[in-house]
Structure formats: C-alpha cells, structure tokens
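The structure that follows is given in the form of structure tokens.
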Amino acid sequence: MKERKLSLIASLNSQELAAKVSEHLTVPLKKIDVEQFKNGEIYVKAEESVRGTEVFIIHAPTGNLNENFIGLLVLIDALKRASAGDITVVMPYFIYSRQDKQAAVREPITARLVANLLETSGINRMVTFDLHSGAIQGFFNVATDNISAIPVFAKYFIEKSMDNIVVVSPDAGGTKRARSFAQLLNAPLAVIDKRRTSHNVATALHVLGDVEGKHAIIIDDIIDTAGSIVEAARCLKEKGALDIYAAATHGVFSEPAFERIKGSPFKEVLVTDSLPLSHSQEKIRVLSIAQILAEAIDRIHSNEPLSDMSLFKGTTLFG
Amino acid sequence: MKERKLSLIASLNSQELAAKVSEHLTVPLKKIDVEQFKNGEIYVKAEESVRGTEVFIIHAPTGNLNENFIGLLVLIDALKRASAGDITVVMPYFIYSRQDKQAAVREPITARLVANLLETSGINRMVTFDLHSGAIQGFFNVATDNISAIPVFAKYFIEKSMDNIVVVSPDAGGTKRARSFAQLLNAPLAVIDKRRTSHNVATALHVLGDVEGKHAIIIDDIIDTAGSIVEAARCLKEKGALDIYAAATHGVFSEPAFERIKGSPFKEVLVTDSLPLSHSQEKIRVLSIAQILAEAIDRIHSNEPLSDMSLFKGTTLFG
Amino acid sequence: MKERKLSLIASLNSQELAAKVSEHLTVPLKKIDVEQFKNGEIYVKAEESVRGTEVFIIHAPTGNLNENFIGLLVLIDALKRASAGDITVVMPYFIYSRQDKQAAVREPITARLVANLLETSGINRMVTFDLHSGAIQGFFNVATDNISAIPVFAKYFIEKSMDNIVVVSPDAGGTKRARSFAQLLNAPLAVIDKRRTSHNVATALHVLGDVEGKHAIIIDDIIDTAGSIVEAARCLKEKGALDIYAAATHGVFSEPAFERIKGSPFKEVLVTDSLPLSHSQEKIRVLSIAQILAEAIDRIHSNEPLSDMSLFKGTTLFG
Amino acid sequence: MKERKLSLIASLNSQELAAKVSEHLTVPLKKIDVEQFKNGEIYVKAEESVRGTEVFIIHAPTGNLNENFIGLLVLIDALKRASAGDITVVMPYFIYSRQDKQAAVREPITARLVANLLETSGINRMVTFDLHSGAIQGFFNVATDNISAIPVFAKYFIEKSMDNIVVVSPDAGGTKRARSFAQLLNAPLAVIDKRRTSHNVATALHVLGDVEGKHAIIIDDIIDTAGSIVEAARCLKEKGALDIYAAATHGVFSEPAFERIKGSPFKEVLVTDSLPLSHSQEKIRVLSIAQILAEAIDRIHSNEPLSDMSLFKGTTLFG
Amino acid sequence: MKERKLSLIASLNSQELAAKVSEHLTVPLKKIDVEQFKNGEIYVKAEESVRGTEVFIIHAPTGNLNENFIGLLVLIDALKRASAGDITVVMPYFIYSRQDKQAAVREPITARLVANLLETSGINRMVTFDLHSGAIQGFFNVATDNISAIPVFAKYFIEKSMDNIVVVSPDAGGTKRARSFAQLLNAPLAVIDKRRTSHNVATALHVLGDVEGKHAIIIDDIIDTAGSIVEAARCLKEKGALDIYAAATHGVFSEPAFERIKGSPFKEVLVTDSLPLSHSQEKIRVLSIAQILAEAIDRIHSNEPLSDMSLFKGTTLFG
Amino acid sequence: MKERKLSLIASLNSQELAAKVSEHLTVPLKKIDVEQFKNGEIYVKAEESVRGTEVFIIHAPTGNLNENFIGLLVLIDALKRASAGDITVVMPYFIYSRQDKQAAVREPITARLVANLLETSGINRMVTFDLHSGAIQGFFNVATDNISAIPVFAKYFIEKSMDNIVVVSPDAGGTKRARSFAQLLNAPLAVIDKRRTSHNVATALHVLGDVEGKHAIIIDDIIDTAGSIVEAARCLKEKGALDIYAAATHGVFSEPAFERIKGSPFKEVLVTDSLPLSHSQEKIRVLSIAQILAEAIDRIHSNEPLSDMSLFKGTTLFG
C-alpha cells in the first residue's frame, strides 16, 4: 500500500514564514540547494527525496518579486521531475493580483498569466490568503483554497479587551470585509466615502457612521504606499475618533509607506507575515499566519475540511 | 492565394439581432437547419459551406438560457468539423457572468466553466458587451473584445437635446461607469448610497450629489428584477428630481420587472437588444447595438482596431 | 497516510435512482444545494466537504435534458474546486448517443462534444449502461465502464419460470445483443427483417426464425416513440406468437410512446430506471439497475474488477 | 500580404498514388529524403522548403503498416518544425479502423489512439475515403473530410453500358451503402442474409431480393481475406445470377485473398488504389481515386465546398 | 481505504527481460493477449484486471523496432481504458535517442516525438537506462528516472579480481562516463582521440594516457555496428595493451557488428540485456540489469528514493 | 481578403538591438508602454493596434535576466489578448540554455521550463542564434529557427584580408563549430585539449594541431567569465601563435570577464549584440546581427526559406 507523506519546502527567500510553519507542524523543512549564477540564472536542487510525497511549498519571499517567482517555477519543475506525488503552492500574497482585468485596451491580464505559468510548471493546488479579487480563483483550473486572516486580527483585539470600538472600511468596496470583521468584534461599522460626484472637484473624505469618541480600526486587504489609510486616519481623527488602528493582511509597504505611517495619527498598524518585514518598523506590528497555515496544510494533507477551522468559537477562517 | 471570406450565422433563437447585423453588414446569414427532437436533443446542420471562412456567430437568444447555450456549443462543433477557418462567438450578454467568484466555499465559478466549454468546443475569439465583471476576460485564453453600449445611450440623450441632466449611479460599485457616461453628456454625477453601517438596522437610500430640479438618468449594466433601480427612482423623486430615466445594457427582466417598472416613477427605461424583448412593454425602449456590432465585425474581419470605433466625435466604444 | 473515502452525490433531478443506490451501498448522499434563478441560471453548492474523496455523481434525471446536463457540468466544477479527489460520472443513459457520426456533411458529432465537455469540466471516469454505440467509449480519453442491463431482464424472466420462449431482435443490427440474451435464457433466436430491397416498394416486416406457439421477448437498447417495437409486436402476433414482451434498457418514451404501447399486443414492456418514469404507465414495468450500480461503484472504489460482477451463475454484467 | 502555397508530399512508400495526384494537380511532389537505419529507425528530411505552405501528405503505402505509420508521424514532425503553415494528412485507407470499439473488456480503441497520435504530431486536417465506421471522424478534434469512392465504381459500370443489373449488399449492415450505389445505377437491390437464428446451427446464406437472370454487383468497403464475398458470389451463382462482380474501396487482400478470388465465380473484382497493388492479379481491376483526390485537394486549398464535387451529373462524392 | 497494488506487464516481444524482473520481484507477470492480423495490425487485450493498480510495462523487445513501439502504445491505451491507476513505461534502451536534435534544417526531432506519443497514449512516468543524451529527459513533462548500468560492469570486473587495469573512453565525449567507471574500479583513465585537425587529412587514432602493459576496458553507452570500438581495440593493442575488453549498456549490434567483434582483438565484449540477444555470440557476454530494475520498480512503488540504490558500497546507480 | 502585416516590437530593455533591426527592415517599432510598480510588478500596454498582424518581439535585454523574462511573458499576454495574428519571439541568446539536462538527481531542466512558459503565454514560433544545445529546439512544440552568427565573424576576418590563420576550438566539444568556421576562412584547424586522464592530476592544456607562426582565432558560442578562453590564449602564445583573437556569439561577460580579457594576450575579442554591452570595453569588439535578423524576419514574414540566406557566396546562416 502506498503511503503519501508530507514534504514541507521553503521557496526562495521564504525561510522566515516556512520555518514558523514547520515548527507548528513539527515537520522539518526539506533541504533545498539554491544558487544564483553571476548572470542571474537561478539554480535549485532538492537535496532530499520527495518521491511520492505530498509537497507544500511556502512562497512568502523577501526581495525581488519577479526573480523569486521564476525561482518558484524552477523549484516546481525540479520537484515534479523528482516524482513529487502532488504539489501545493502556498502563496499567501498572490502576486500581480491587482492586474486581474483590462483597465484599458491592449493590457495584459497578468494574474491569469501567473495562474497559467504555475499550472504549466506542474502544480496541483494553490493556497492563498485574502485574495485581492475573488475572480482570481477562477483563473485556475486546479483547486484553490483562499483563507482569511481577518480572525487573526479579531483575536488580537479581543485579547486586548478593548471597549468602545468602531470598525472602519477605508472605501465602499471593502464594506463586506469590514462588516464580517465587525461581526467578530461585535462592533458597529463605519465607511470612509471618497465622494467624487462631479468631475472637476477634488475628492473629499466623508465618514458614514459614527466614530466620535470611539477607538477606530480600519480594515483592508493590502497596504502598499499607505497613502489612503493614512489619509483616512487623519479624517477619523478630525471626526473625533480616539485611538486609531489599521489592520491589513498584506503589508507590501512600498515607499514611502513607513515614513507616512510614522508621521500618522495611527496608534498601531497591524499586518501579517504573508510578506516578510525585513526590519521592525515604528508603529507596525506583525501578527503571524503561521499557525493557521500549519493547520490548513495538516487538514489538506489529511482530507479534512478547511471550513471547520476556527481561531475561536463561532468563526471560520475560510470563505 | 487563400481568401478568407466572412460567414455570418445566427445562433439558436437569435434571428432577431442577427438579422439586423446582417442588414448593416450587407452580408446574408448562412442557412442553418436546427431541429429539436422530442426528447429534447438539439440537432443542427449548416446548409451552406463555411469552409475556410471567418465565421461570426451571433448569440442573443430568446427562450431557455441553458438549452440555447447547448445549442450554441453543438453549432460550434458542426462548424469546426465543416472546416470553418476561424470562429468568433458574439455573445452580447455573457451568461452566468454573476457567478464569477466563490461567494461561499464549494461553489462553482460558472463564468469560468462557460469560458472553458466555449474554448473546448472550438472558438477562436469572443465578442461581448459591457461584461458584468472585467475579470471574465481573464477566464479566456483566446482573445476577447468587450464593447461598451454606453455611447448608444449617450447618443440617444444628446439627440433629445435635454438640458439640466444629472447622471446617477445606482450604487458605489457603478461609479466608474456612471462617470464615463456623465462625461459623454457633459453632466454632473450623483451616487445612490445604500448605507448599511450597522448590522441590525435596515438599509436606507441616500443620494450623494445634487439632483433637485434636474432630469436624472440612472445608468447600470444589467436590469434583472428591477427592484433596486425602481427603489432608486423613488428616492430620486423624493429628492426633487424631475424626469427620471434608466439606461442599462442588458435587459434580463426577470419577474416582476415589467410590473415594477410600469408602477414606477420612471419616464423611460432604456435597454439594448443584447437580450431580445418578446413584446413591447410599457415605458421600456430598446436601442439597438446592431450597427455597432456590424462595424466591430467588419473591423475584426479586416484587422482594423476596434479602439477607433466611435458613435460620435471624441468617444470610443471599446474599453 | 491518506484515506480516500467515497462520496455519493445525486445530480440535478436525479434523486430517485441516486437514493436507491445510496440505500444499496449504505452510503448516504452528500447534501447539495441546487437553485435556479429566474433567468434560468443554475446555482449549485456542495453543503458537505468532499475534500480528497472519490466522488460518484449519479446522473439519471427527469425533466429538461439540456438544462440537466448544464447543471451536471456546474456541479462537477463546484466539486473539482472543492478538492474532490476523483470524480466519476454515472450516466446510465448517455445523452446525444444517437448523434455519434455525421449522417450528412456539416453535421456535428454531438456525442463527442458531450465527452469533451465532461472531460473539460473535470471528470476522471465515466460509467454508462448499454451505450447505443460502442465507439462512444472512444470519444473519451478517460476510462469508461459500460455495464449491461441485459442480465437484469434475464433474471426477471428466469424467475417467472416461463417455458417455450423465443428471443427476438427487432432488426438485423441488434442480433448480437439478442443472441447474448437468448443464451442467458437458453432460448432460440428470431430476427425481424425490414426488407426494403427495391427503392420504390414499401417496407414489409419478415420474421426470420420460428415464433409460432412461443412466448416472444423483443430485446432492444432504447425505446423512444415505440413505433418499431409495436409494429414488430403486431407482426409477431400475426405469425402466431403467444405472449409478447419487450425489454429495453433505456425508456426514453417520447410521445406517443405510451399511447402506442397501451394499444399494442404487448403483455408487458420492461425498461430500467436509467431514465425515471414520472408516473406508472399501463403495461410498462420498471426493473431497477440500482443494485448493479451500487455493486459497480463499490468495486470501482475498492479496485476490484467489474468483469466478475454477476447477477446469477455464469453471467457477466460487463462487456 | 501572405500567400499560402500548396505543398504536395508523398508519405513513406506512397509514391504510386502521390505521383498520380501530382499529375492531376500539375503540382510537383516536394522532395523528401527517407532513410532507414540498420536497427530499423526511420529518418526523414524535407529537401525543399515548405515554410508557410499548406501541406498535403498522401499516405497510401505498400509494405509494413506500422512502420509506414511511424514514418508518417516522423514526417509530420519534420514538416511542423520546418514551419509548414498547415498540414493535411490524406489517408484513403484509415488504419486500425476496425478496432473502433471494445468488443471485450480491457481492449484498446486503437482507431482513437491513431487519431490522438496524428493530432499530437501536428496535423490540422484529415482526408479519408469510405471510413469503415463513421464514428472515427468523432475520434478527431480537427476537421475531417470523408470522401466516397462509390461514384467511381458507378461510372465504370455506366460506361460499360451494362443492362439488367442487380446491386447486392454482402450483409445487412451494408444495405445503406448498397442502396446509394443502386440509385446511381438505377438498379434494384438485393441483400445477402447470414441467417444464424439459433446458436447451434451453422450459418446459411439467403438472398433477399431477385437475382436470377441478372448481372450482380456486390458492393463493400473493405476486401480483406475475401472469404465472405467469394461465398456470396457462389450463393448468387446458385440462385441464377449471370455475370458476378464485386466492388470495394479498399483492397487489403490478406492471404489467401488472391487465391480465393482466382477460384471464384467472379468475372471481375474492382478496388481502388487507396491501397497499392504490388502486382497485377487475375480478375482484379484497380480504378484510381487520384483524380477525385486531386480535385478534393484543390477545393480544400481554395476553400471551395467538397459537397459540390461530382463525377457525373446528379451525384456527390462526399457524405 | 484504497490500496494500490503493483502490476508487472511484458510489452510486445519483451518476455525475456520481463520474466527475469518478475522473478526478482516475486510478482507474476499479468497475462496479456497479443495478436497480429494478417495486414499487420496489432491487437492486445489484458486478460487480467489492472484496475487501480500501479502498472509497470517492461519494453525491451526483439524484432521490428517500429512495430514493437506501436504495440507498446496500443498496450498503454488498453491499460488506460482498463482503469490502470498509474502507468510507468520501463524502456531501458530509448528508441530514436540519437535523433535528439536537428543536424540539418527540416529534420525531425524524433526523440521528442517519441516522448509526445508516449505521453499522449497515457503514461505517467518513464524509466530508462543510460540515455544517449540527458536532454531527452527534458523532452518529457512526466517524471523520468534514468538509471546507470555502469556499476553492473564495475561489479563484474571487481569480482574477477583483475589487477593492472586502465579504463578507456572511445572518444572525448565519453570522458565523463569513463571517469566515473574508473573511479569505481580505482583505475587510471585513457582517452582515444580521433584527431581530425585539418579537413583534408584522414583521421588517425591517438591514445591519451598510458595503456602499455595494462588490461584495457573500453566503456561506452551503445554498440551499434561496432566499427569504432573495434578500431579502438586495434589501436590499444598496437600501443601495448594486454587483454582488451569493451563494456556498453546497449548492444544494438547492427550488421556487421558480430562479424567485426569476432575478428577483433577483444577478449570479451560486455553488454546488458536492455536489448535482448537472440543467440549467444562469440566473445559477447550479457550481464543482466533485471535485478537493478526489480529494485528500482520496488522503490518507485513504495516511494523510496532511487538515489540510495547501490550494487556495492559507496556507489550509486542513479544519476 | 485578409492582409497580415508585420508588427515589430522591442521587448523590455531591448531597444538597442530592436532599433537596429527596425532600421534594416524599414519597419518602425510599435509603441509599447512599460512601467514597473514600486513593489516590482511590471506593467505593459501596447499603445498601437497589432490586430491580425504577424508580431515579432525582439528580446535582447540589458539588466535583470529574470525580470526581463517575466516582462516578456507579460508582453506576450498583452499582445495575444490584443488579437495579434501570430507571435514570434526572437531571443538571440536563449536564457537558461546551460540547464538543459539533469547533471544530478532532483535538478530542474530549466531550458524546457522556459520553453513551456513561452508556449503557454501564447507564442507561435521562436528564433534563436547559436543555441548552446541543439536539443533545446526539441523542448518546443512550435517551430523554431536557429540561426548561426559564425558567418558574421568569417566576413569580418575575410574583409581584414588576414593571411596565415589557424582556427582554434577551445575544447573537444566545439570541434564541429570550429571546423565549419575554418571552412569559411579556408584555414586549418587546431583543438585545445584539456587532458585530465587520471583523476588525481591537475589539468594541463595541450594543443592538437599546428599554431606556431600563425594568427589564431578561437571560436566559441558563449563567453561567460572568460576563464577558459584566456587560459587558451596564454597556451597558444606559449606555442608560438602570433596575433590571437576570440570570436563568440554570446558575450555574457560575468565578472571578472572584462578584467581577464584586458590582461590577456588577446588582440581582439569579438562578440555579437545578442546581449547588449552597456559600455565599450578594452579589446572587445561587437559585430551586429541586426542585418541578418532583419533578413530572417523578412523571410519568415514572406514565407521564403531561411536556408537560402547568405552573407557571402557559398555560405548559409542557418543550420
């Protein structure tokens, strides 16, 4: 009878999150030799056998996004040729997720291209966190599991035992996410409204809902240059909010994000380690998704539903 | 040297729009024999040669949506086996476009499935109108052209020489569409806001922007049961709007749409013939996309860009 | 180690046969939520986890053939995206099986199209009963198991302890099927001959073989409008046959089948529940294939050969 | 502007038919270098450019069937890599056409395999003659044109100005083919009936229809060992037929076909050159399909319908 | 829970090696019925169930290379349709491996074609021995294991306890192989140099390294017509070598190989049974790879790494 | 009738070679908008229509190899979705060409992966120059044209009217390339021999052939760190060679190549602009392949054979 063991593998420059998952799973990381030649070509080699095993590759890298992605594809090729039984790529932050449609003619749809490249290289399943657009799951033919990190943030605030909270969506599009977060915290909801009703007038921020005298938590999926959440924080301050927090799954933090956050009214900005933070930064706190990920991998490996996963009573991490 | 002629073909129950396109193109429709056996199986046969031609199938049917779609796939199979040189499906209203993501676990992504079924059957290109979600273009590997019907509505109102107009988006998500419509009409913009800020309170409609003493035109992509646009019209009326119009590319008109519109404050509700209207209905006016479609087909066939298409100076129908 | 459990699922409008199979297997049906929107679009959602399981979908529906087929494809998509380990579609009556070749130029080969659509949606195996044409198995790249229902009919007549039987093939093409049925019953064989030797003369039925003073059983694969078997029954009556029976795997029963059978010399017409009969009908008796199907599913799931299946000593249900 | 010229190429050991087609088309055969190494490996090389041309490969070989087929696949690979614009394989006799279904469990469906191998190698279209089973067209995803050689035989007998003819189908399955042949000759039809009504009695031949005092022409698709047609000829003789002919598209002529025909009552046995006859044989006459093939290729190349092809007024060669 | 048993199957004309592997594995060969019709078509049928098993097909045939390959593809099709769980083709000598690139324009790359044909037929993995070119593994998308037979030869010479050995590469390209062989024997290395420095001068053989007074073992991957190794042996003799051996994994032995070897200075020429030798031949000794193969199959079946396989301490058979 | 025009496009950071090709072809480069977001994601958009045209993308970039490759794939996706008629990627230096086989177990075959990624993205043809390994053409299913730059170097030396030349291959593996270069120059050949006959002795360079008193030209495909050609130059100097040159198609020039060449006995080192040289470097001369490329593109576009291309009488640039 064939056994199918679990192989856990860190993708290029992804040791940080992978090591934490490995610890939670009590499954050691398989040794992979990675080198980069002087002309830039990436070389990988699996130092240990993965034959017939169910491989999970953790891809949450620091450094050059495109190089790391090529490195991932090369790694998948090596594992496929080494007779891996099944390959799941865990990519908490899905790259190119904001190029998911053509905003103008003759544009690419790069998120679909990324899906095609992964499938061609030989993957059998994807695991992501808080995808920017749900349609990206439809770019794949293989099964995909999209996990939510929102309960991680909810747990953090619940354990803080904060009272008098209001959850704030930074724009109309994020209302659904904010509402489910508010339900976890049993808190009311407010929405920042970028009213741009006529085309010659500058945008002004309005707050729909009551924030005065409340601790406000802005919830989002991605923080990139941090422009809009910092602006939102200022607006909330003006409207009389007390402590102001932000929580977002993916901390891309392109310049000048750190500078902006430092000078903002935020008390704390929370992100997960879906994208590693090279140095600790003022006001920014990182909550880890490693434990959730470990449980998800364990459930996938043992064919148990992910929909039963829960950080605390009555919540689900999935869907 | 090989010539590649154009074959124009009406899909099942799609003679209405196809005939108009045929007239504009001055290209006759190829004769297709369609039968349905008593057990429901659909039979098609091309009565004329399509060998080596560039085939355009117009699919804008009346009747059973799923049956018509199976009929389309059977037709594609017949044409592919009859040595069609190239097959473009023109599906102005893309079916299952609202099932473009998983709103809950273990749901299908049916819009992607539809794309897969069409590609497997043998198509080489798609033409659609005002897709509900731009990501659907990413569900295809073949090239897709998504045309906008908004200039058709703009032309209608410009020719009416109406003054004092405000364009209204029925929800925050449709603001981008409404803004580009407003630009064509050189009119201001308002947005209907479904404020649902706390989770125990009923939704109330607010209007962001000034509508009092103005003729209001609500713009949307799909009118299905007409619930939300009729509600929006009432709200606009309360706020002092004068004549109220709605314009939407796709008139699905599921029950009780006609009833609702009849009893509404609307002066006129405009849709296109992307979905045929079996009988004329009170207050509903149908503007045809046949001429645009004819021009698009002609340009695709002669390798000219669609981005140059224009109904009137300074507008584009594409993207 | 990975276990692979069995998930049994009823396709759209296929609860009747699926429930019987479920009972024989003592495996409950997984709960599937199915809805149809007013515009005709079908929505499905698996309410229970199927992750990593070996899924068997029973597709033997009542109602609209094409809608049910689209529903099946949507269901397959949902299960594939829900990480089903393996998907087998059990379609006792294979739709469009009579469009398995081009009888004229520019026809489709719809049975091949159906195979392509199923494979694209994500199936891994097919199970069918008494396929109209053996070549349809060649339309699939995935493995297909085609089971015979003939022993079900044989068992019925053997248990009746009828003597003095003759088995009758309704045309020359069905002789092989009739001969294997005759062997099970240890009975002689007759063939109805539609002699159409010159092209201006009307068809006349001849009976090759001796039927006088015998109980005749006509055996066929499909009864559609019942025209030819009723004509055959009349001819057998004239030639002096005693009780006359018909047995066919698939009771399509398009109009005016029930009317014709009612007014015919048949004592009894036997079909299976490969296609559900909404109401009981005069002279028509339905024998169930549920038990055979349950055994086949059990054997496929446990990797035992289907060729060993037997309803009674010395027969096989397969091939 | 791109021109697409026609390249005509003889497959391995297929010079005979290819040369005749070349002459009819007045298009020279492209030079192909073919070698076979001592260990059996086949080497081919196109000596002339085929870049961007529409290639037609004539495959009607003498010698080892399997070796010639491998040689064909190797040739297709070479032409695809040499930038052929489009590749059509003309295989008048489709190999493995009698293994088109599983007659028993665990058999292959080799005709489907052949289709897969051709498609994988890079073909874009197939041309065949009188396929043994129409379902084989469904084994291909690419377009296939199946041409009938029956008018070639009809023309031969019409030019002979024979009177008093009866057309004979050698079995019930061939009645459709025989009837269309009889219509071309305006002659009556008879059918040989292999009555095997009970399973312990030897087969006896019966003739349905009147043959006495008439010249009989048996029509079939394949003559392999010639056993059944020779038996049929004897039976016709007994029944009083005058001159007896046979006509079949494909002369496979496996041993002891020539011996049997020599000793038979046949006046003449007609076949086409779909399979080359190495030596002239007593009583066997070969009619060429080269002219039809040349016209078909010309029509495919110039995108004209094949259904208009005709050898003489009122007939079609296609479907 | 699903078990996955091992099925061992001999491909056409491959009983010799397959039987030995079967004995080492103590797993009986599954019974396959193979027939060849008079027109050359090959028929196969699996007589025993392979449902859900992990199938290993041993393809090391005698006779016609192309016919045997077609037979292999037909066998794969039959097994795939019989629900084999997984199919591995063991082809110790990879056919057409010397046509792995285009030496001139418009040539095929037949080794890639062979890979495509195998993948299309339905294989899941390949096992080969000492591939002529490593790039052939890159012609496959499925996993491939390439095993080395060099340790088999090393073991033979070590057990002979020969002293004073020099390992000889017959050309510069084979130096890497020879060096690893020399390491196993702890022997020095020499290289035959075909110096062809100016283009008008005939080739002369030089020996780089010291062979005088030593027993020389020439090592190569393929012996075809044996021209170059016999020439090399003569040259070594001239340079004062004592006993001269050759060892090559694949004994193709095209004419006049046996004649040449018989008349050569070789003491013994060693090959493996990757290609069966119909009769014993003077000076030629066959060492079997059956035991290695049996171990490799066992390891693949039980998901153990092949890299740990060893014939004797400190060696690996893989890579 | 459909025209198919030529679109010439510079890939990311490939303007240098693309501009030269554009000038030779007198076809302007299509305008492409390229941006890189702060997080590294690449955005491209075709500013001009490519609908139905035959697109040639020149990919010969400066800068980050992996980023440029991702950028190429994104560009291909954009062009495919913009209805490009046909896409040819011209990649003079094929990246990852040295990872064309597994040198050890569990390595990737990255050159095959690159081929798969390009095909998946939507290319129809490849053009390369002096591929490191001919088998890479076999990694593609699409047609590939591999052009030789050797005549470019030959022309340079012929125009210099140098006498008394010897062509030198830097190792045994390059003898074939060197011999064809020597034939163009009508010069004798020498080979550098890295004799490593026993495994404990350091490598020593030998020169096979006569170089004393001659001008030596070393010919190779790639110069990376320049270690071996500089070593070879020193050895030639010792053996009495006069002026020493090197010529290689691809100047990768990884560190410390420039330093080494500067301090070497070389008079001149020639490379092509298949890889752009950012600054002029001492002793290094760049010859352009732009004219050859322009001619190749023109011939592909007009379906003329590449094998007729010639830089001067009697030579071919192809194969």
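Read from first to last, the chains carry the letters A, B, C, D, E and F; within each, the first residue is number 1.
Quick note on the criterion: a residue touches a chain if its C-beta (ideal position, glycine included) is under 8 Å from a C-beta of that chain, and two chains touch if they have at least 3 such contacts.
If you're wondering where the values come from, they're calculated on a predicted model, not measured in any experiment.
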Set of chains whose contacts include both chain F and chain C: A, B, D, E
Intersection of contact partners for chain E and chain F: A, D
Pair joined by more contacting C-beta pairs (A-B or D-E): D-E
Distance from chain F to chain A - Cα centre to Cα centre, in angstrom: 41
Euclidean distance of C-alpha centroids - chain B vs chain E, Å: 63
Chain A and chain C, separation of their C-alpha mean positions in angstrom: 50
Residues of chain D engaged with two or more neighbouring chains: 1, 3-4, 49, 81-82, 102, 104-105, 109, 112, 116, 137, 141, 306-307
Those chain pairs that satisfy the touch definition: A-B, A-C, A-E, A-F, B-C, B-D, B-F, C-D, C-E, D-E, D-F, E-F
Complex contacts: residues of chain A adjacent to chain E: 1-5, 49, 51-53, 80-83, 85, 122
Complex contact set, residues of chain D against chain B: 1, 3-4, 54, 125, 137, 141, 143-145, 300-307
Residues of chain F defined as touching chain E within the complex: 100-105, 109, 111-112, 116, 133-139, 141, 146, 172-173, 175, 179, 182-183, 188-191, 193, 195-199, 208-210, 306-307, 318-319
In the complex, chain A residues that touch chain F: 37-47, 49-50, 64-67, 69-71, 73-75, 77-79, 81-82, 95-96, 98-99, 102, 104-110, 112-113, 116-117, 120-121, 224-225, 252, 254-255
